[in-house]
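These are the structures in question, set out in turn.
One chain, chain A, appears in both complexes that follow, with chain B as partner in the first and chain C in the second.
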Partner chain A sequence: MKKYLSLFRIRFIHGLQYRAAAWAGVSTQFAWGSMTILMFWAFYQNSGNRFPMTFHQLSTYIWLQQAFLSLFMSWYFDNDIFESIIRGHVAYELCRPVDIYTMWFLKNMSVRLSRAVLRCMPILIAAVFLPKPFSVSPPADLTGALMFFVSISLGFLLMVAFSMLIYITAFTTISPLGIRILAVSTLEFFTGAIIPLPFFPEGLQKIMAILPFAYMQSTPFLIYIGSIMGPDILIGVLLQMIWLLMLILTGRTLMKKALKKVVIQGG
Partner chain B sequence: MRLYLKYASIIFRSQMQYKASFIMSLIGQFLTAFTVYLGVYFMFTRFPSVNDFTYTEVLLCFSLMLASFSLAECFVRGFDTFPSIISNGEFDRIMVRPRNEIFQVLATRIEFSRLGRFLQAGFMLAYAIPKSGVAWTPDRILTLIIMIIGGFFVFSGLFIIYASICFFTLEGLEFMNIFTDGAREFGKYPFSIYGDGVLKFLTYVIPLALFQYYPFLYLTGKSDRILYMFLPLIAILFLVPCLLFWRFGLRHYKSTGS
Partner chain C sequence: MIELKDICKTFRVSKRNAGLKEAFKSFFRREYTCIQALDNVSFTINEGEMVGYIGPNGAGKSSTIKIMSGILTPDSGRCIINGRTPWKDRIAHVKEIGVVFGQRSQLWWDVPVIDSFELIKDIYRIDGSTYNKNLNELTELLDIGEIIRTPARQLSLGQRMRCEIAASLLHSPRILFLDEPTIGLDAVSKTAVRQFIKTINKERKTTVILTTHDMQDIEALTERIILIGKGKILLDGILDQLKKRNSTHKKLSVDYLGDGSSLSVLPDGMHLLDNLDGHAKIAVDTSILPVSNAIACLSKNMEITDISITGSTVEEMVVTLYEEFQI
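Our next item is the complex of A and B:
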């Protein structure tokens, strides 16, 4: 356990070094969030009351999404891991006395987490001081706030567990680029990164409820803005746990199978 | 030009060597654009119009933006991947060859799989052209073509700026994404919906609205000022400061030494 912790710490501190990149990211995300909110504002201005949430709730949702973007970014993949599979460096990793699934899992976590730590506060603080319907609001109530933290942690782990599956496919195809693009576009859409899930048509929302994607970023953010309330919070969190367990188990089994068959080309 | 075609055919054949990967990337590019389209579609199932623009009008606008962006991304890809050209020393090799640097950067990187987006743009265009309720007179057809051409050059200019900054920073500047990827994402709606401030900025500073919003007004018959039709041509002038900046950067270029 200790070795994994220190591995995580090294990676995490390493990630914190990139301050300049973080500031560039913060300003980009702030601009991106503002434009998204202005777009929704235009829609809210024009039409009747056919919104799944109030505009202030929506602004809060968008700002949370931008602030915690690094936790849930679907396009981020660690190229070192792909390289090590394709070029065969994975052989060295197998010699080490660590579990390779856990190690890669932590590696992914630490990169995402260190980026999020650097970026979330400036964005949220700036967003608090915006004029009323465009700003980020405090959480609905205390239980909502607490459950938000539980849920966002689970959603984050779920996201990492899913991306592990993509790494594992690289064992079977030499060129994982195609699968990567497919995975990214699916994730972007079904996790609600393009438009929040409550804006989807009803029928599709029912399908979403039985897929893992809704439990990544959508559940925690909806808990925060108070769209998911009362016993539904518990159900949501429970489903997050079940999906997390399932994805990790699948990942581990697939990894074991792949490693049994893995052929390291010499040289 | 003949040399360019030769380069293009070599690159095309080499990308065709990995057929499965090429087709998957093509489909992936297409799907990425398609999910964005679905986002627009879902919004319009709830709201009938935005700022007096109907669903089909927005589709028309979206497809024009996507078409010009994907063309630029396909053929001006060299500038988009410029950080890697600089950091692996390839640019030093380019500089010792007796040809124009811009030509070489353009000709050595062409990404045909990016045409997946163009495919999506084509489909939307084919759907939106008859359905949008625009009376397709010859001048409107001309406007449509001018808009795509203007967009292609403005996006190219933005990619050139992005690359020129690399002469100083040696790596890509994330903030530029808001003008390239961001313009593609947010340009699916006419820029006026983002409010006056944004529209003014995109008219006078980065001329994105010149090839999108104003000629689009003329296209949909919301304005009959013939001047709007030719604004994309003025937007092409944006290339001049971009190229000057490129030359300025080139003079300051120090190799990374690797």
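Our next item is the complex of A and C:
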């Protein structure tokens, strides 16, 4: 286990050193969050009573989304990993006494986490001091706060487990670009990254509930704002666990198959 | 102890002719050809041996190395290294081997080399004292003390290669696979790398398997060579014996004045290879005619300005072997 920890640590430290990028990210996400909130504000002015959450809840959702963007960003893929599969550097990684799946999983986690650590606080702190309906509110209750932490951790792992599947496809396709684009669009739409899931028509929501994507960022954020309450929280977290287990098992099986057939090209 | 028995591996390569029509056709139906990369490869290498694994490009050298290091799974055959099958017991197996692929880098590109070493230390769980001992020894032998604090991207190829070799030996492996370790290196770095490999093999009793196209590597390092061509082992033997077998042929390069008409008639055992503008190349079979006699015979008939004798270098020997086996 120690070797995996130090792999994680070294990547994490590596990720922390990009301060300029972090500040740029903070300001972009702050601007983006403000714009999204203002756009929703326009809709709420007209028919606010027909929406599934209050405007303050929505603002909170958007700020949480922006603050933890790095954990759930769908477009981020570690190019090192694609590069190592396509160019064959994976040969060296296979010569190490480590499990490749675990190693890549940790690598992804550490990059996303190191970015989130640098960015979440400035955004959240600034958002707390905004005027009332535009600010971030405290969690609905204590259980909500605790379960939010459990759920966001699980959602984060689920996100990484899903992107692992995309990396593994690079073993079988010469260029992973097509699948990447497809995956990014699917994720953006079905995880609630563009529009929070409760805003979708009921029929569509039912379909989304049986897909893994709703359990990535949507579940923890909805728990925080109190949209998911009581026993539904437990069901949500349980489904997160089940999906996580399933995606990891699928990933591991596919990886095993891919490595059996691996051909190191070029010398 | 490395034992390979009847290892076979085929690769499927897609092929199509040039042109739009062909490209369109291959969209629906693709033609594949199977390439037999390894065809019943068998050999045994004992502990502490140093073996040169040679063959032309595409002969299957790298594939063999990749199978032995657990990266590739062969189609059939048996491979037992220190009692384990590499591709089945990959993690346990790779702890005991070190691998250097001359054309790839294992060092982390934008951090100092020493950071990569530290990471390797944690990955292989090398304990502190062994790590320090190995690090000191390796930095001294490879003369990299000055450069390990530099990021890998700023190193020259020769410096980087020395660091790569050090990185693959930090965990004191029992077997070291070197896949073209001297590719692209200058003479000084080559000598340093060779000297080092020799020391490691002698002092640590590390088994070394080396693939290379540089015959000086082979000459300087290995006693035993294995020749592979078109996926088949063609020859497995002691380098010296091979040399003896081929040493009956010498080549004379002669610069002379005059028209060189006397070269048209040569005694038995001499054979004109090339004759151009006062420069001739003559093959001499020393089992028929000693070299001294051949020179005497030449100088009697013409005025020689310069002469050189090339024996059978390993390079030529290998060319002869390649020709002999038609690979």
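Here are some notes:
FYI, the second predicted complex is superposed on the first by the 265 of 267 C-alpha atoms of A that agree within 3 Å, B and C clash if a C-alpha of one lies under 4 Å from a C-alpha of the other, contacts with A are read in each partner's own complex, and residues count from 1 in each chain.
As a convention for this text, contacts are C-beta pairs under 8 Å (C-beta built on N, C-alpha and C of every residue); 3 or more make two chains touch, one makes a residue touch a chain.
Please read all numbers here as calculations on a predicted model, not as lab measurements.
When the two complexes are overlaid on their common chain A, residue A:14 makes contact with chain C while staying clear of chain B.
Once the two complexes are laid over each other on the shared chain, residue contacts for A:97 go to chain C alone; chain B is not touched.
Legend: residue contacts after superposition of the two complexes on their common chain; A:51 is shown touching chain B, with no touch to chain C.
Judged by the touch definition given at the top, the superposed model places A:132 against neither chain B nor chain C. If you count the residues of chain A touched by chain B and by chain C, you find the higher number for B.
For chain B in complex with chain A, the residues that touch the partner chain are 18, 20-21, 23-25, 27-29, 31-32, 34-36, 38-39, 42-43, 45-51, 173-175, 177-178, 182, 186, 189, 193-195, 198.
On the side of chain C, the complex with chain A involves touching residues 11, 62, 66, 69-73, 87, 90-92, 94-95, 97, 99, 101, 103-106, 111, 115, 118-119, 122-125, 180.
Those residues of chain A whose C-beta lies close enough to touch chain C in the complex are 2-3, 6-7, 10, 14, 88-89, 91-92, 94-99, 260-264, 266-267.
Residues 21, 24-25, 27-28, 31-32, 35-36, 38-39, 41-43, 45-47, 50-51, 175, 177-182, 184-186, 188-189, 194-195, 199-201 of chain A are the ones that touch chain B when the two sit in their complex.
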